[in-house]
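To keep things simple, chains are lettered A, B, C, D, E and F as they appear, and every chain counts its residues starting from 1.
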Amino acid sequence: MRGLIISIISLLVPVGTALAEEKSTLNSGDTAWLLTSSALVMLMTVPGLALFYGGLAKRKDILNTIAMSFIAYCIVSITWIIVGYGIAYGSTIGQFFGNPFEYFFLKGMTPSTLSDNIPAVLDVMFQLVFATITVALVSGSYIERMKFSAWLIFTILWGVLVYPVVAHWVWGDGFLSAHGALDFAGGTVVHINAGIAGLVGALMLGRRKDTALIPNNVTLVALGAGLLWFGWFGFNAGSAYAADGAAAYAMLNTNIATAAAAIGWMLVEWMHAGKPTVVGISSGIIAGLVAITPAAGFVNVIGAIIIGVIAGVCSYYAVAVVKQKAGYDDALDVFGIHGVSGIIGAILTGVFADPAIGGKDAVGLLYGNPGQVVTQIIGVIATIVYSGVMTAVIIFIAKALTGLRVKPDAEEEGLDQSEHGEKAYNI
Amino acid sequence: MKKIEAIIKPFKLDEVKDALIEIGIGGMTVTEVKGFGQQKGHTEIYRGTEYVIDFLPKVKIEVVVKDDDVEKVIDVITKTAQTGRVGDGKIFVIPVEDVVRIRTGERGEVAV
Amino acid sequence: MRGLIISIISLLVPVGTALAEEKSTLNSGDTAWLLTSSALVMLMTVPGLALFYGGLAKRKDILNTIAMSFIAYCIVSITWIIVGYGIAYGSTIGQFFGNPFEYFFLKGMTPSTLSDNIPAVLDVMFQLVFATITVALVSGSYIERMKFSAWLIFTILWGVLVYPVVAHWVWGDGFLSAHGALDFAGGTVVHINAGIAGLVGALMLGRRKDTALIPNNVTLVALGAGLLWFGWFGFNAGSAYAADGAAAYAMLNTNIATAAAAIGWMLVEWMHAGKPTVVGISSGIIAGLVAITPAAGFVNVIGAIIIGVIAGVCSYYAVAVVKQKAGYDDALDVFGIHGVSGIIGAILTGVFADPAIGGKDAVGLLYGNPGQVVTQIIGVIATIVYSGVMTAVIIFIAKALTGLRVKPDAEEEGLDQSEHGEKAYNI
Amino acid sequence: MRGLIISIISLLVPVGTALAEEKSTLNSGDTAWLLTSSALVMLMTVPGLALFYGGLAKRKDILNTIAMSFIAYCIVSITWIIVGYGIAYGSTIGQFFGNPFEYFFLKGMTPSTLSDNIPAVLDVMFQLVFATITVALVSGSYIERMKFSAWLIFTILWGVLVYPVVAHWVWGDGFLSAHGALDFAGGTVVHINAGIAGLVGALMLGRRKDTALIPNNVTLVALGAGLLWFGWFGFNAGSAYAADGAAAYAMLNTNIATAAAAIGWMLVEWMHAGKPTVVGISSGIIAGLVAITPAAGFVNVIGAIIIGVIAGVCSYYAVAVVKQKAGYDDALDVFGIHGVSGIIGAILTGVFADPAIGGKDAVGLLYGNPGQVVTQIIGVIATIVYSGVMTAVIIFIAKALTGLRVKPDAEEEGLDQSEHGEKAYNI
Amino acid sequence: MKKIEAIIKPFKLDEVKDALIEIGIGGMTVTEVKGFGQQKGHTEIYRGTEYVIDFLPKVKIEVVVKDDDVEKVIDVITKTAQTGRVGDGKIFVIPVEDVVRIRTGERGEVAV
Amino acid sequence: MKKIEAIIKPFKLDEVKDALIEIGIGGMTVTEVKGFGQQKGHTEIYRGTEYVIDFLPKVKIEVVVKDDDVEKVIDVITKTAQTGRVGDGKIFVIPVEDVVRIRTGERGEVAV
């Protein structure tokens, strides 16, 4: 995929830089956009996701929910430059993971080391913010009952053993990359991965005493959704790795699919439950952002609209109907939104990928390449299996080390008090 | 002296307050409360799941008055807070044995 | 105007790209800045404006207020790529509007299609975020009484029939553009347009039962004002369509005028009403941002300060004195701030435009071109008439289809409950 | 320092622009990044810092706290283009300050005036946002007791007489710059400067009646910390004055040091006080951001981690132990965090500066140049003395003009009511 | 008639409410309060400094009932609100001299 | 037994609480309320329009005590809550017929 993106870029860049692949030179415009994109994706986690999740949590658990995202960002930032980046992008070991120590504390990288058109260290940074948000996303399934110490252990292990490995498969020299799986900005690596980890962990943690989702502060939900959308422009359009037409298309597709998904969720909620809600519109926004992530640079706007609407509607049913029936306690619907819309997006990328947008290596079913759908499904399944198994192992280890759940009393009293000794509002 | 506690609909507060002032009531204390009664609560829907909110927002007005004024106050509150629909609320009359005005230390009816 | 901007740019760009107009090449620096600017302007609406308006609304109406902005953003995103962009920038039909179907679902645009120095699709995106915020702005006049379904109808119609047409006049090949009206970033197209629509709609909707403006949450007002200011740097400096000196001047002027307007509003409020308030400072910020919008790339910093102070003071009087006397119920003062400061900015652009800043085609009264003021006034009047009439027609259609106002009981209970069935805070 | 940065840049930029210093040409990529960085740093103050401080304040003082940051931003924006920029960057007068009237209202600057690779006016803008946040930072020490009118006077005087002078020493042609003091993005100029001003002013203002720090709204603290972190990428990576490897390194170092500091603060708080808190993690974030500021473009990632951890731990002790014992009432710990971590960062820059990162003019103790530490310490002391004395004088003037503190009754009732006549929440 | 005021732990509210409905209580009013008692408050630590929060969040339930129902209600509340740990709360019984239903103007026991 | 209800200025709460503890009061319940009385409210101004806020923030303290302690408690509250300015508040004494400690089921004076 990385190679693909580069070849797309080279098509678009004016003649003077056609030699880019032979002898790299720094492009300051592309570098400016990747610096900006890195900052935007950082904002998605701290404070975007933290407040989105926090607003949805119960009043007595909001700070713990925020703390889970904040600390995940901090811990994974550190592990990433020790071994994470190496596992993801180091020389491949059997197409399964990269050499963990190849970039140990970024040894050998100076400001003038380039990675194609941008500084090498900027690639480290941009990939870092992807790793951090993926881990933080998982927390949404676990809130209101998990020990903070257990979450720290989970964060360290999952951030080293799961995320970078799947990133290697798809974006490094891994086997999915070799098979031509399309994942523009991380539908599989980020969202399916986090969604499955959320589901498996939620099952192992067990249900909360009070599983109601009555948001303590919907203004934070709206704020979080807005910051996530804003940051996602960096996530998706930054994944073009250049300030060019591919980036612009990815941004526009992201916007269109998200708008369509929000409208889709709102309408189906209106028909099914009687009213269109702000929490619903915000949830539809996230579903759309997730679904367009793998497709953003590959589909045309009609494809983007269709993907958005399908994601909005399906995630609504997953969350409002399926979860209720199945009875697992995925507190903030990480599986229902990131898992389900991630899978939808990954597969539909194989359907709608339009070579006029993404170039000759990104051709979907509708444009005569049914095999792409199969490739996509293989990618999805591989991720589900690996993420599911590894999450179970890691949760098991955390349980052994610290125990998983707070005491029943503490759960009732709220984790803000039991884990942090503080209160969100004195107003 | 008596304390008159009225549980009313929040949007009636201003009207009731004004009416009480008009009949010469010089003080009252108001608390935001939640009421449960015959009036059915509503449901809130988040992500397609319904939650029943059976406590409804109400306002409690407390007015301490001389015995003579009790009927007048009840009358005024009943009239102004009434919409005729379920959930209009209740008035309770409770005996008060003494009143103190903190500022002056005065006791009894003069302190009301 | 577009043409003008390009000619300014060409003055500034180094020799090597002087052929830009003959054969376009992509400039990655300019593209990076326009990508960033598009994201910044998006943030203005979702969640910036939504929270600014939401914080000012009553507690029981905050979510409905937020929903109006969010859904306007989503709906106009979709209509824009169907017909909106064509109406605004398609081949002109009598200098009145463009061919609606010329860019139907962006047909024919690929990532390598250029619009001068940037990808064509990026122009679509950047213009899209302008369209969305204009519609969302209008909602501030209508809150706390309008049916959500009526708002959806308004949004669709106004986003297709009003905004793109006025955009065509000023920035497309329309008659105002042909006459040399100056509007750097949308004072007329965005703010006067929205301000008049707000006023006309507020008159047709009628007064709320309780017209008090007692903000439920001033921290959201401050947050919203801050995000709007931040995003406005993309709005104004992005309108230079390049990362160059014109963009930098536009950014600095935006900052200076806004600071001056906030100070101006604060001081006049202090004298007139006894205290300087945070809601006042935040309102002054918006007034300044609005007034400098048409002038940002044309005036020098002294012009910017004067425009800012005048806007802050006049909007204060419009809101605090005139509105009270006139008795219309423009709930969040869209007319008083966007309309009034928009008109002030548009006319003063004709006074202060300094050719040393904006080039030889942007000369104001003070620099020897009194005719520019006349041209500006014509632009203002044309917009007022068209926006006023069309808004009335559209509100009338919405009334026929769904009715305009919620039931009196629902208004008392709050629209969060009646329209969305949810509550902002459970804290 | 400015000269140093430029020479670093010239090492990294491809051959074609090697003549940059002889004849400047505008680089659109660098310009795009500086435009973005300016916007990011603006966001740090309005609304980032305002909400961070506001959330930590008491419920009855939150709006006054927000107003202090907002109005500082506005006032310093204006003074900066009148005399501030001249004092900082005008022709030096005895290496002490620059000619105040050299850039009076930016006379002579047009959009095509360049400052090396970027528009000259963009340098004004980027430096402006630094000046504004420095003044706003000081307010955290003074809240909950200072008259708003006294704060306005302080803001005007300090923004003219203190910040630009210290900026001149370090970044203009001042004596510290001449002696080779290293301050990549403003550890001395911004943070030590603000920290000392906070301490001195807090001592002169005296203790509040109620010195408890019980945040009224921790969600705002988390939001503010997140926005500050996001904006700080512009602060530090923008200080490379280019979109290049130096900027990327500065961004990554900023991220790593901040993560390390947050983890450090959290762990020491956990051990010392029993629980890891969200206020603690957020405070650690700020400590880390402050400490890495002078070092961001000079140290390698291991240096960044060490600086971060030391800053997090030391600021915790300064705030939790030292302040309690010393008994001064630095309300929101501007000295404990910005002063202490600023000093740590400034000195450790002299220890860890790695020529492989920052070039041959930025060599620290560990790489064989112990003299750098001495130079750093001289810079710290000069700043402490000047900032301390001048702050005392300015506070004294404010006292004479308006009095410093609100009446005791007003302090009890809250400054939102007494100074602004409004209430933050009606919820 | 009597007003029964029960100060209980917040998380017991739903249980108590359900139990009261089950025994036929048709209305009640709930207020968020802060309690000080034998149950020790906790400390909150911000930036390393400890603050003692000695008021704990409690919920006050007010139910006005006929004299005959007093014991039943006390019984039900005591049972359901009990955890056996300090801080479970108190019940106070207060005389009520009259009750009015605002909607209809009915007085006395029928209005409860 | 009596319930003493005192409506006081919020910033006096800590002082009153400490004084009550000093004289051996073991429990109390506090509610945030809004008061209307002789003390005039203030006006809030948003964008130049004035709104009269005639309800002022007050705190209600409820303490149930044995009959013997009533005077002592009134005394202490009056003293500590007094500023001498309008709006200092009121104390109401209300009869309490029974008290129950939920944790143990104890009744009467021992339960206070």
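Quick note on the criterion: contacts are C-beta pairs under 8 Å (C-beta built on N, C-alpha and C of every residue); 3 or more make two chains touch, one makes a residue touch a chain.
Everything quoted here is computed from the prediction, not taken from an experiment.
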Could you name all chains that are in contact with chain E and with chain F at the same time? B, D
Listing by label each chain that touches chain B and chain D gives A, C, E, F
I want to compare two interfaces, A-E and C-F. Which one has more contacting C-beta pairs? C-F
Rounded Å distance between chain B and chain F, as computed from the means of their C-alpha atoms: 18
Rounded Å distance between chain C and chain D, as computed from the means of their C-alpha atoms: 33
When the centre of a chain is set as the mean of its C-alpha atoms, what distance in Å lies between chain A and chain F? 53
So which bits of chain C are touching at least two other chains? 27-30, 32-33, 36, 214-215, 217, 223, 243, 274-275, 277, 279, 421-425, 427
Please output the residue numbers of chain F that touch at least 2 other chains, ranges allowed. 31, 44-46, 94-95
Where do chains touch, given as pairs? A-B, A-C, A-D, A-E, B-C, B-E, B-F, C-D, C-F, D-E, D-F, E-F
Could you pull out which chain D residues touch chain E in their complex? 212-215, 269, 272-275, 277, 279-280, 283, 316-317, 319-321, 324, 333
Listed in rising order, chain D residues that touch chain F in their complex are 412-413, 417, 421-423
Sort out for me which residues of chain F touch chain B in the complex. 2, 6-8, 31-38, 54-55, 58, 60, 74, 77-78, 81-95
Interface residues, chain E side, partner chain D - complex: 44-51
Residues of chain B touching chain C in the complex: 11, 42-46
